[in-house]
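The structures considered in this document are given below.
Next come two complexes, and both contain subunit A; in the first it sits with subunit B, in the second with subunit C.
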Partner chain A sequence: MSRLRLYQLAVIAGFILILEALCLAGVIDKITMPPPHIIVRDFVSMVLAGRYFDDIGKSLSNVLVAFASAYVLGIATGCILHGYKTARDILDPLFATYYAIPIFAFYPLFIIMFGLGDGPQLLIGLLLAVVAVIVTTLNGLDRVPPVLMKTARVSGLNPLQTALRVTLPFCAPYLLTAAKLALAYAFIGVIGSEFIMARSGMGYEISYAYTNFDNATMYPLILMILILSIAANSLLSHWERVLLARRGQK
Partner chain B sequence: MHEEESATLRNTAILIAGIFLFWELAYLVVGEVALRSPWQTIQFLGKLMQTDIFWVHLSDSLKAFAAALVIAVALGLLIGFSLGLHRLSGDAIEPMLVSLYSIPKITLYPIILLAFGLGISAKIAFGAIHGIIPVALFTLSAVRTIKPILIKTGRVLKLSPTATVREILFPAAVPEIFTGIRVGFSLTLIGTVLGEMFAAQHGLGYLLMNAISLYNVDLIMAVTFLLVVFAASVNTLLLAIDRRLHHG
Partner chain C sequence: MSAGQVTLRGVTKAFPAGSGGQVVHALGPIDIEIRKGEFFAVVGPSGCGKSTLLELIAGLTAPTQGQIEFEGRPIQNIPDGVGVVFQEDACFPWLNVQENIEFGLRQKSIGPEEKARRAAAAIDMMGLRDFARSYPAQLSGGMRQRVCIARTIVAQPRLILLDEPFGALDQQTRLLMGDEILRLWREIGATIFLITHALDEAVMLADRIVVMSARPGQAIDLVETGWPRERDSRIVEHENFGSLTSRLWKSLREESLKTMGRTGSAHE
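And then the complex of A and B:
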């Protein structure tokens, strides 16, 4: 395990050192990319000065809204679909092909329909995330042992109580996987939309800085997004592993 | 098996009919301001296909996409096989690839633009980085799950490393690799279109963004429809081949 961590650290460190060397040697010119230590310096000063905190806050709150709505809607849809085999069979080809479709292509249409505000961004984030939640929920529900359902029936629980007290707790690891996927997709959807066309947010500021050759703003903001999305993802992955390990021991 | 296939076909037909019905209803509710009906969209697409400029954009997108796909598959296979054959590297780098998979890669696009300039090579590079990771990850897991006895047989037969890959590893890993290529196909397409939507002077993505500023609802609907139909039908085809490879 520690040998593995060491290896990973070596890969990351090696990558940064090579970038640093290439930048200092002038192979990568200053207009393309400042050396990594300058990016880190700019990043620290950006955070200390609290610059772009409005944009960061706005992006993150949109990501959270898109994530939460996709999560609740996805689990509810998954639970309902689980009871209707015909509906599920009909929607199955859609689920199988869904992530092959460039959802971002709908962004211009949503801008025309709802105007250039938060609406289209939230909708793209929601659309990207919701199907992953539905599919993962269905996947979990398929694995609920029949004996649990029988127990619920014997105890006289109604469908809602069965879902809340029996099936969903059993599916906890799947719901966590769903949360991880939904958060990643909500991030991609919201930041991507801001990037393509928006009036504020981290994605917008990056594209604005790009247009103005403002590398001192662009690179720290890119670093910020990478850190935030990788941190969120690792946190949920870690939690997922802990939960799975606990289930495995039982 | 035959019955199952006809059931899938029937379900797909019902699904498509349902989507068109939903679209038509949405059009009746929202109206001419922001939507077009399915029939109007198809008619406009037909008209659009008679213009020369459409084919310029389409061929530009297809060229970038094809080049990106070739690069994604080649590099993905290379990375997947090298990591799959070396246990420690595979274990260390796989989780890193997974977290790269989940970041909004669009934020890296300005860097690619600065490195490659505003042209077709930036689009190709951006499409390719979307596709490389799934191809690499699926290849990696395919190589890992190959039965050790096959590799031992290769060693007994004194095959060279390249011959081992060509004669044993590749054929055994084909179904899984194909899944990787299928996912890579979709993501490369998404990447290429996304790149065009942000900064380009040609291509379907550019056409879409340009249509917003012209408030050309017909054009937006027609291009979106075309992209969705293309992506969905190719993926359905690849999925069918994929299933046959896994069960056949």
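And then the complex of A and C:
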């Protein structure tokens, strides 16, 4: 393990220890937050008893659907826009200012339009994630060196083969970055929507536990979200590092 | 030596202008005949359309006027039997050396054993055996250019187009790569068409050299070096080397000045 990694772990461990000390000393009272070791204990018993697995499953499957549809739609849109300069120029201001729009503000509207089901949550996740994928895809496609395209042509590749053997492999690191962003945005969109208004899901349960001072439920669920989100992101980051290391870019 | 593997007759190339500008007349009219098996070089001032000329012969772009024939047939698309090595680093960074070289065989309908055999031969020929599993990022610029050359020759082209292939390399590496190219040229028997801005490189490598004028590029001189086929970079010591180089420079000097004057007035 590298020295840097040790320091990183030490910072996290130190932070948890300080929290523990503050909780045990009563600086942070029990109603606000239980000590970390209690949170972990509650987390373990929640997992062992299988409590809230329905909610976790529902949230995760919504995150996955929002992520996958944003990813596919975003890459397709990026590829198409790359070929149509005018369309791209028209949409460019939208992409540039897109993340200044609080997408959650449309959530009530979506509930009116589609009812209080998975639809509005998926839509929020999709809308948050899709533009990051489009922009990252375009960014990757812009960087394909013209000489590689010429090489594909003189090697006799047709447009489909060029896309599969040259353009996409070149863009692979960008597509992985897009996946990381899309997954994070899908998490935010889905869990956030559940907080605001939903009938189930992790966000809903956390919000419900919060209103009922149910710390034994709220904190383990927060811990669960942290673990799931960080695990998914680390996996993609690791993959990204392997790709980039091979290309000498990191 | 049978004549005319590549024939250009009255070839011109004009590019449509950007918004409001005029049509850019980049090249020609130009007539060139490249003989089968020779080492042919083109020198010219920057912006004279040298690279356009190469792209025309490679079938990457179509002429505005005139005809180009490769082995008696007009060039359409990318002709089979023509390989190109570009100036820029054209290695695929996600493929290792062996995979990069095998890429040159992708479109050939040959079996996997034959592919492996040919790739191994190209790897040996370019001295890349110890690097077959390395990725381009681990190699120097000269080694990467060897990979690109190997990827081109593995397809066994009858005509190899080199677009300033040593432009990005340092002087020693250029001379050594020159030796490699001369050796390759003798071993595989293909015709070589080299574009360069380095006069000494052209004189050192080529049998015949065309000098191009400033834009629109036209052939203003054709120099035969008369070197023996067995030669290497030490040919620079030959008594004719200096006079050949200065003859090229005499033809080129005025054209280069024109280009500089033109770009100077256009940008200031």
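Basically, the second predicted complex is superposed on the first by the 230 of 250 C-alpha atoms of A that agree within 3 Å, B and C clash if a C-alpha of one lies under 4 Å from a C-alpha of the other, contacts with A are read in each partner's own complex, and residues count from 1 in each chain.
Basically, a contact is a pair of C-beta atoms (placed from the backbone, for glycine too) under 8 Å apart; a residue touches a chain by one contact, two chains touch by 3 or more.
As the structure is a prediction and not an experimental result, all values here were calculated from the model.
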Partner chain(s) touched by A:155 [first = subunit B, second = subunit C, both, neither]: second
First, second, both or neither for A:195, with subunit B first and subunit C second: first
Touching partner for A:101 - first (subunit B), second (subunit C), both, neither: first
Touching partner for A:222 - first (subunit B), second (subunit C), both, neither: first
Partner chain in contact with A:109 - subunit B first, subunit C second, else both or neither: first
Partner chain in contact with A:170 - subunit B first, subunit C second, else both or neither: second
Subunit A residues touched by each partner, larger count belonging to subunit B or subunit C: B
Touched partner set for A:27, first subunit B, second subunit C, both or neither: neither
Contacts of A:233 with subunit B and subunit C, given as first, second, both or neither: first
Footprint overlap on subunit A, comparing subunit B with subunit C: none
Interfacial residue positions of subunit A with respect to subunit C in the complex: 145, 147-148, 150-151, 153-157, 161, 165-166, 169-170, 172, 243, 246-249
Contact set on subunit C toward subunit A in their complex: 58, 60, 78, 80, 82-84, 86, 88-90, 92-95, 103-104, 106-107, 135-138, 155
Subunit A to subunit B touching residues, read off their complex: 3-4, 7-8, 11-12, 28, 31-33, 89-94, 96-97, 99-102, 104-109, 111-113, 180, 184, 187-188, 191-192, 195-197, 203, 206-207, 209-210, 218, 221-222, 225-226, 229-230, 233-234
Interface residues, subunit B side, partner subunit A - complex: 7-8, 11-12, 14-15, 18, 30, 34-35, 88-89, 91-93, 95-96, 99, 102-111, 113-115, 185-186, 189-190, 193-194, 197-198, 205, 208-209, 211-212, 215, 217, 220-221, 223-224, 227-228, 231-232, 234-236, 239
